[in-house]
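Shared between the two complexes below is chain A, which has chain B as its partner in the first and chain C in the second.
Right after this comes the complex of A and B.
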């Protein structure tokens, strides 16, 4: 290590301080992966946020201010997310949106809680649109965190409510990824089925390594020999599509009840073999009966973003509720917006939703959708899409779960 | 060693002045630079970036104890970083809860806990894996890394599952009057441990064990001839490298106040390999440079271009192909040229070389930025300095081909004249 390298080091370390922009627009920092393997899903969500911001800006914005989404690439890494959070704070941003990965959400909730405690007057609010770990609205709940997606337990609650109306299903097989989320899903499934449909036999409950299995055929063969009538899985990403592919190629024709079959790119890989078989639990699908405005919104979104489908309706819900809360509070000060969001009721195209005051969890109607060839609106230009019939809607109030949250309000 | 007239070791050894200039002065300079940073009153972003840089400097230096100094290619160094970090994290929680002895332990000292845990992990995992060097060692390290990373996701009581383990650093006794709340105080903590870690790792290279580790890298058989066991030397170096990785993990635990299982995984292990290699594994300062450049690239470059991973890859390939000494090697080469040719001649040839490389870079950047926008298909146009570089316009392709051809020609010309002059 000689002096020359030291001098160069010094030059590099003395990076000029970043300029702080003048506060003209209302900025929301979007901290999610925009590069690497999860880049496409982060990018799709970003374009939903941007479209939602455009919609709000067509009016007079939020509380008179135009909304701007500022994207930060966190590489889906919790530590990197904290560096990006500091960048957002330096820009004077007071609202953070994130969804991909409960590990990142956990880091952000913790960091924002501490930041707000240590820097009074500079509070930041976290709008979580997709990280579904139930802990965030139970033992880890925070006043500064609002979740606009139904958590993993609520979704399982809805799945099991739906099972109550399916007397033909007598044997269920549960398969999941071997980590906290997969285990939580399996635990929720076994306890809720035992409570609501004690006659259902759980013929298999299995965890497989996360992201390591390339061929699920042996697992599917076990399901076939266990004579399962339905399969429940919380799998996401490659683990989800590969499981469905193995099922279709093995001719395992039973319903697969999933959380994430509707995510970006999955439909293309699953293909026609999955029609009628794969189901997903979510807050909407694009083939539900809706008012014309919602149809126009979806059309507008898909015209502008021709390569992706309208998927994150909850982002529009989040933006709408943010707008309503800021109007009600007469301010965009996070603490006032947070107070106004608590207990807020809001009408969406798919029914009324409520933001619970006791744990900041949204209550929204959920739908069990089936992958179908007979649809008005398809996904990914396949001619295939998601549809649901009677008995597939679970009302918002029925998704509510008891919470262990002891909210500490400022 | 061609000069057979060299009399004895006493005349070969460096003078006191040289020793001071080469061994002590750089460390003092590092400490001074780090101490002067708060005077510039940097923003929170710069502070948190510097904290990440400091952690990565110690981590990359500890990795280079294996790769550069010991000749051991490891694909699982993040295991020791992570285990050290987790140990410090659990200790931080114990301080918060006020458990027994821990209630009197300052958070400032947590890197020591990480150090001990890293050493312990190195001692346990190193026992089987250090019996072999070379490819076998690399493969074992890869296997161990996968094993620990998988275990990290499965054992939620220790590793906290997906959401990890969190703690609060503002507990326990305060040392040096630092509450460690604001990021500027955490910076002082990181700076202190960065200097301590760097000094200790440098001191390690001067010990007989450090020297023997280099000898084992170069020729293990000869080391055996002079009466040392290469397996034991590797094992001891491995423990030390694990300990310093654990130290940086402890720094990370205090800085981020969260540890998640992916910090044990192959991804950070690969990143530390890149930091050491791009910086230059043959120089002590190499990993420091690599840590600075790559950490800044990772956190800042993604604001300007979504193709930042591509630039990282191009940088890595370019270093391997054209500058195997890494960034530190480039600096040493420049300094060597200046000394050999005198400032005037060196400035001319280096200036031409730098111009050539910059031209190549300009062409490459234009190419990558135009192509990535085209491949995204949103109809975005690359507009540097107000120029509209559309895919179809002639100007775009002139700006791609011109600089690349010109730069390549210039670099070739400099190489030719240098050969002719030598």
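Right after this comes the complex of A and C.
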């Protein structure tokens, strides 16, 4: 092959992807685990994103463009996530959605920050719907990152507020996954319990390897011998399901204060025995009084995805706010959308939410839900579901925490 | 006290599960001189077959037929795969089983999906057997214990007390002589390979719902099984048995110990807040088998009961 043909070929290869750029849809790259122990979590979230996109597309899309979710499997591995991010960037995608794993979010924030610095005019925006390591909206905050879920500290604040009203609980066991998020939960729990309920003894504070433990029975037996009155855990995905599996089979009947007991598959394993015992702090449950539109949305979602339950309301909030921001900015250019998102107020079916301008953290109402047999809308076809009483709602402004973020805007 | 008792029970059960897997591997090794890298994949197949069987029939049906099916598959692999590769030497055989492991992994992902399947403990065994110190003990775990011990006794009897066992043992050390005596040595090899795979399959059937049935289960179990076989001594069943129980107990006890490095190294000035001192013993549990492997290789390269160098 002579030099000329080589050059011609190179030019051809270089030019070919350019033609793909002439797309009409607005693509959001969804980078999350779609296989492995956390595959079910990623898959469920993906279907929420796709449904949210379908809903937006029923109208005229976002700023006139139809939305398309492009899924990338990162196997919950930060390194793999960067490879997938590069793939998305190569396709000209300007919006990244990710949530499962703060370890992944951390890598993405750094990579996106760098990319945006090096490629002015081609910035990408990170819509974080579930990675809740508080660092992302504090010391490591980034203009290109927006978090649509309450962070680990905000949720722990609610959990410990609940503990204040439970004088019977004297011994607490903390168990979590051994990475930045699990450590953040443990740190928040120990400091907040010490401040609010100094009489509570923390009888165990344990981290286990992420997604590696297949049998939690030894851990549960440790909790039983420590005579814990309550267990606090940030576990999610398979780690949540297997933890409650071990707890149920060992007959460990104490309150489990969780972030993610709503993880797919956990309810089936918990069954009747967990009624009244397992609690979850989240942005909603499906048994709250809501406007008809929201009921229709949940019905529609669960009809289309009959094997999973409506769980990630925050994904719909993220999509809604994205839509509103693009409309306000009159553009889908990430930098303009980001500017419009800052300080934006938005009405959801569960109350008004605000995107803080100073650190890009959402302020949303939180609910302390309890696993219950008396529910209108159940999960996983069990006749059991999540419900909350009047005192279990924490208003959005009450969830606000001080931030150490010094936002650098472009 | 209760911690010790429970850890003992859990450790023994996990250990026996490991033995079920490693016994087949070590048998195959002592006979053919190859490490079957795909062994844990047969364990995975056992779990998935059992899951599929329970969808249409019952767990008891799966308990009998899933291992047989895995064993047949193993025999086929030996007859049509390994035997023809054999003439090209050990490296080719190793590579063959290595490739086979990947192949089975991918096939499982295609057939049963990338995520874990909902393979449950049968309802007739899903109840607490007894309660001890406030913790219930699930009946299914005891069932695992019974099956594993039953298998152990049957295997021991077969190898040490029957004519078949005699021939197998002879074929291990003197294949040519056994051949001259009129026995079909290749068929014995095939039978042993099949039986080894069936044992792995059985471990999959009862381990799949005790742990998790997903496409990563082979990759998760594989390294640990190799560690067992190497620690026990390549080709030694007794060694594999001791090593399995040792690892099972070691891992469960490590989890239940509530201490960190500062408790042991306090005299050396390691404090609980320092980087080293804050590492807890329980977080080291997944690392222990490999630590033991390294130590054994340094101190006694033949393994606990083995007579050949690794």
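Keep this in mind: the second predicted complex is superposed on the first by the 315 of 410 C-alpha atoms of A that agree within 3 Å, B and C clash if a C-alpha of one lies under 4 Å from a C-alpha of the other, contacts with A are read in each partner's own complex, and residues count from 1 in each chain.
Throughout what follows, contacts are C-beta pairs under 8 Å (C-beta built on N, C-alpha and C of every residue); 3 or more make two chains touch, one makes a residue touch a chain.
Predicted model, so just to flag it, every value in this text is computed and none were measured.
Of the two partner chains placed by superposition, only chain C is touched by A:242; chain B is not. In the superposed pair of complexes, A:40 makes contact with chain C only, with no contact to chain B. By the touch criterion defined above, A:114 lies against chain B but remains apart from chain C after alignment on the C-alpha atoms of chain A.
In the overlay built on the shared chain, the residue A:252 is in contact with chain C alone; chain B does not reach it. Applying the stated contact rule after C-alpha superposition, one finds that A:214 touches chain C and leaves chain B untouched.
By the document's definition of touching, of the two partners only chain C reaches A:222; chain B does not. Touch criterion met: A:178 reaches chain B and chain C at once. Once the two complexes are laid over each other on the shared chain, residue contacts for A:204 go to chain C alone; chain B is not touched.
In the superposed model, B is the one of chain B and chain C that contacts more residues of chain A. By the touch criterion stated above, A:106 is placed in contact with chain B alone, chain C being left untouched. In the superposition on chain A, the residues of chain A contacted by chain B and by chain C overlap at 34-36, 39, 178, 209.
Residue ranges on chain A touching chain B, taken from their complex, read 1-6, 8-10, 12-15, 17-18, 20, 34-36, 39, 72-73, 75, 77-80, 82-84, 86-87, 89-90, 101-103, 105-107, 110-111, 114, 118, 133, 135, 140, 178-181, 183, 209-210, 307. Residues 2-3, 6-7, 10, 14, 109, 114-116, 118, 128, 131, 133-138, 140, 210-212, 214-216, 220, 252, 255-256, 258, 280, 282-283, 286 of chain C are the ones that touch chain A when the two sit in their complex.
If you check the complex, the residues on chain A that touch chain C are 34-37, 39-40, 43, 178, 204, 206-209, 212, 214-215, 217-222, 224-226, 238, 242, 249-252, 265, 268. Those residues of chain B whose C-beta lies close enough to touch chain A in the complex are 21-22, 25-27, 29-30, 33, 37, 40-50, 52-53, 150, 153-154, 156, 161-164, 166, 168, 170, 181-183, 202, 252, 256-258, 260-263, 267, 283-285, 288-289, 292-293, 296, 298-299, 302-303, 306-309, 328, 331-332, 334-335, 377.
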